[in-house]
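Paired with subunit B in one complex and with subunit C in the other, subunit A is shared by the two complexes that follow.
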Partner chain A sequence: MYNLPTKIQEEILKYTEENKISEKQQQQIIDAVTKIHKMSTYDPQEPMGVVAAQSISEPATQMTMRTYHFAGTAGIQVTLGLPRVLEIFDARKEPRTPTMTIYIEKSHQTLDRVRKIAENIKEVKLRDLVKSTILDLTELKIKYKLDLERLHALDVDEKKLSRLVNVRNAVAELAGEMLHVIPKKKDITNIHKIKFGVLEAHVKGIKGITQVLVTKEEGEWVINTLGSNLKKVFEIEGVDATRTTSNNIFEILDVLGVEAARNAIIKQTRFTLDEQGLVVDPRYIMLLADMMTTEGNVKAIGRYGISGEKDSVLVRASFEETKKHLTSAAIHGECDLLKGTIENIMVNQVAPVGTGAFDLVGKIPQQLPEEEK
Partner chain B sequence: MTKEKVDVYFNGRYLSHITNPEAFVDDIKTKRRAGILPHQLNVSYLTAFNEVRISTEHGRVRRPLVIVENGKSKFTPSLAEKLKEGKIDWQYLVQHGVIEYLDATEEENSYIALEVKDVTKDHTHLEINPLTMMGFSANLIPYPEYNRGDRINYGAKMVGQAIGMPSINYLLRSDTKFNIMTYPQAPLVETVTSGPLIAYPEGQNVVVAIMCYDGYNMNDAIVINKSSVQRGLFRSFYFRTYETIKKRYWSGQEDDITIPDPAVRGHRGEDAYRDLGENGIINPETRVQSDSVLVGKVSPLRFLSAEEFAAGIENKRETSMTLRHGEKGIVDKVMITETQDANHLIKIRIRDERIPELGDKFASRHGQKGVVSLLVPQEDMPFTGNGSVPDLIFNPHAIPSRMTVGHLLELIAGKAGALGGKIYDGSAFNHVKEDEIRKAMVDLGFRDDGKETLYDGRTGRKYDVLIFTGITFYLKLDHMVQDKIHARSRGPVTLLTKQPTEGRAKRGGLRIGEMEQQCLVGHGAALTLKERFDSDKTVIPVCTKCGMIAIHDVIKNKSYCALCKDTEIVWVETAYAFKLTLDEMKAMGIYPKIVTEDM
Partner chain C sequence: MMYGYDKMSMDLLQHELVPKHEILSDEEKNELFTKLHITKNDLPKILDSDSVVKKIGAKKDDVLRITRTSSTAGTAIYFRLVIPE
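Then we have the complex of A and B:
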């Protein structure tokens, strides 16, 4: 008996119940769906990996250098096109432009409230609050003239500022409109170094989130950010943690687990391909994502990932770093069973794929039986 | 306030610093124009870097411009008059500060007017002619400013590949490769540079109809009138000079130029030397085919095995000079001279007539190239009411996406020129205007848009639409099928890997690459895959005990393992390249043991 996937079975059941369809007709539907489903499955020993690779790389070649982006539009500039696809498949620890899409719970869906949340997320550095900097060489002090208007607009209490700005080897104190930073070491070269260090001091918001943008997507207010930190964002009241995502796959792996990471890979790849107007069957991307995540972490495709961990010595040696693989194989006395496709092409034998995956073994009688003579 | 200091660099080396860069640069320029400083010197003040650069080095690209001072060109009408009379020359103008050469950096400091009427007080220079901004080849293209920029690039590149008459004394020359068109023509739509080039034309004017001819001219293919070809259209000669030296060696031996003796090693058989004269050199006007012997030659051999010595084989090797593989022709000229080292030198020039055939490449001057896909007899070609038949049919689909409007203008200008017995000037920026051509066409009794009623040559039926017909200058490009056609079933292999050789000259195979391999894998065609990759298939004896490659003694018809003296040998089929890999591993100190198993 051919078993349809549970999801499809459930859907058929739901449909038949809702539309009050007789059992006989229900069986007919199942038969029809089964027929279609069977047609779209792969046959035993069909090299679906190769087909998947071809199906993804053919459109990818078209993508090379043809990446267009929309400069000047309101929004956050994200890496797209081939660079982004490479980023995903190479399993880079940190994407070039980490971004988050933060969804807000229904109870907080007012523009003011969403803006407030966005404001609290955005990282504010002292640099953003300072009008001018004066180096007082006589007193060996650094004087920062504060932009009080901005300070209030960003809801920062100037009294707390001196505590927030804690730089090594220096003490900060507030003097009216000015923030004085007094280094512990009375040294002119040191004072210069500290001047820049203080400007970079974190005052408010979540570290690394440099841009926030509130937009309306499908009838609800959403915050797009440049910079990503899921853990911190989830702690904020009003953030819908069930839908909020990042494009940093490793962060998702850390915060939400492998299954979420697998979904993120699929979602991100499909998004980038769609963006370029390329059509790839999602199941190929799913296969790829499965390959990348089967061992519970995200592995790259390539030298330090899937390709570098193949069983066959010959295949690894023929891919990259020949010397490394041959020496280690020699030292450990590895054995290549020649079970794969590439190995068999190398030794010019029939590869166990497709038609070559089956052998016909039998004894041929030396003499024909008596009766047939 | 102290003035800012500006660094001065001379040929990239720091010289000094100055405080008044503008005055300094102006001073140098005046002195250069006066002839006190060499006119090959260029100076520029780069505000972005805050430095002055003076260059006198070689390798800078410089171009001449007329100097403008106070909004007035230095090339005055009186000078123009003198130049016309021949009283002064170019050199005079350069030396007297009328024309100067600018390099790329000095050009940055200049404000150049394109034409005399554009000159204002701010201008520093004036173009001699705006078309000097383009190169020599690009200036051969008529109406270039009506084309898209990239088409000019392609067109200029293809003009360089055209077969024409690049030299007139070609019969006296012995270039290794040389193409000559039999009846080249001057273009009907000329340009400033095609004038001086009149003695070295590069193509022919052909009657073109812009229409489709069934499917034969799709995808940039062109259809050519077979009868035109038979009358000599685009015919060319291909010359190739072969040379060989009668070498003398250290041992006192030397090469011998004769008809090789059958005893000589590598003898090609009596038949191969049939065309050679008594002196071992082929006679002029002999028809030769691929791999024919041109000069019979034998060279002394270094080593001879003991058996061969005993057998009395002559200590000589055949080293004849043969025609290249895939080429043919007629021996045009035989030259016998000496090299500088007083060795005999034999040069043989082969001539081959090239008649346009399917697959030859042609192009107009607008980057519109195409390959001949069909030669149609004149009677099947379309014809006009007055009975004229196009030589070439060009597909209209080649126009919209490439936007080569110049191509269309040339076609109509060429038509007007041919009908009116005039040559029209199509030089960049300054050419005969479209209106004038249209007027000329009307005066000649033709439609001003160049369209004509055509009739299908096969059926005699009138075409429903008017067809744009005219004359275009076409180039035959140096890419002919005869030089490229290649196929192989069996053939030579390389010594090291036993895999087929690469390239047409070596009768090589066509590589099935990694992606083609993946394609077969993707289809699951395992046996096809194996078959495609067994060009270097070998069967090797393997010892069942140690897994190393064993020895097979052909004389005793016995196989044994040299390591374990065992005779339990199995024959394994693999790629020779794999055997080579195993050998290399052994050389690295890795023991690649082959474990065999019964099927």
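Then we have the complex of A and C:
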């Protein structure tokens, strides 16, 4: 029996219930829909990859070169448009602007509470707590004037600061509202390097999260961040760990697995295309995401990913880096069995596509019948 | 303040990006292979180092039935073979 997708089945059921349609008519509707659905599916051996490629790349040519855009009304810059699409399909390990959308559990949905969580997530470096720096060359010391007001606002104990400094064996000590750093090796270039190194010391928050922004989305408070670290954020009290996501696909792969990474690829691509006002059938994006994740990890489309790992030498050579592939094939004595589509087109043979994919199998009689002799 | 690692691993399968993964029994596996005329190596793969595989305790050569929610079809079934990394 031909099974319609669950979504269509549900829609038919809902329609028949709403309009009080008899069982007999319902069956007629199902039959009609099944007929249409059968007609609109791909036939066996139809080259749907080519269709998918065209369906995605034609709208992509319409994309603007404008790469940045403001998420929400104010604040965080996110890479969008063509550069973002390339980023996803090239499977870059780190996106240019990693961001997270952090959802908050219902019990913590007050502005004060959400602000507090955001504050705890944001990375604070020593740089943010220092008013001015003095380089004392007579004593060979570096003196940092601390911003005590900010220190207390961020709930940082100044006594702990001296322990956080860990640059080139320098020793730090607190003197009133000043932090003195005494280098071990007393020469001037060393002091200069320490001066900047100390400012980068991690004080609190999650490493890499440089900006946080609390916004209201669809009636609930949401934190948007620049910088991403899902593992750490999931551990924070009040964070809804079932919805919080990142735009870093490799991070999702690492924390939530391949299937989640596949879903993230689809979501991110659709979001980027939608944002530019482009319509692409989601099925093509799903096909692409499935291609990228069949081996259990996320592979790029292109030279270093799927196209670079095809079985046929001729296909790889025809794509990019022709000489490299032909030379290595010659060295290793590779054999091209001409089983795919592209290589058969290249040698002017019937390609295994559509009707060309099927062979005629006949029973040839051992002996010809008497009368034909 | 911090729940520690346990909370995260508990919520991993509940995350909206993670579909339902089930381990097939040997019978179901054979039924699938005969129905589709394939061997296990024709299936898409999932690494044994994958967080979900570790969480549900699947082993090498297990086949996982993945029930995806799809924006076009409602639900869709997918299979993956667990392979060593």
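We adopt the following convention: the second predicted complex is superposed on the first by the 317 of 373 C-alpha atoms of A that agree within 3 Å, B and C clash if a C-alpha of one lies under 4 Å from a C-alpha of the other, contacts with A are read in each partner's own complex, and residues count from 1 in each chain.
We adopt the following convention: a contact is a pair of C-beta atoms (placed from the backbone, for glycine too) under 8 Å apart; a residue touches a chain by one contact, two chains touch by 3 or more.
Not measured: the values here are computed from a predicted model.
When both complexes are overlaid on chain A, the residue A:Glu200 reaches neither subunit B nor subunit C. By the touch criterion defined above, A:Val50 reaches subunit B but does not reach subunit C. Residue contacts after overlaying the shared chain place A:Thr242 against subunit C, while subunit B stays out of touching range. When the two structures are aligned on the shared chain, A:Val353 is found in touch with subunit B, with no touch to subunit C. With both structures placed on the common chain, the touch criterion links A:Asn263 to subunit C but leaves subunit B unconnected. Note on subunit A: of its two partners subunit C and subunit B, the one contacting more of its residues is C. Of the two partner chains placed around the shared chain by superposition, neither subunit B nor subunit C is touched by A:Asp274. When both complexes are overlaid on chain A, the residue A:Glu217 reaches neither subunit B nor subunit C. For the contact definition in use here, the subunit B contact set and the subunit C contact set of subunit A share no residue. If you check the complex, the residues on subunit A that touch subunit B are 45-47, 50-51, 53-54, 326-327, 329-330, 335, 341, 345-357, 359, 361. Against subunit A, in their complex, subunit B makes its touches with residues 517-519, 521-527, 529-530, 533-534, 536-537, 573-575, 577-578, 581, 585, 588-591, 595, 599. Taken together, the subunit C residues at the contact with subunit A in this complex read 1-5, 7-8, 11-12, 14-19, 21, 44-47, 50-53, 66, 68, 70-76, 80, 83. Within the complex formed with subunit C, the subunit A residues making contact are 5-10, 120, 231, 234-237, 241-243, 245, 252, 254-260, 263-264, 267, 282-283, 286, 290, 293-297.
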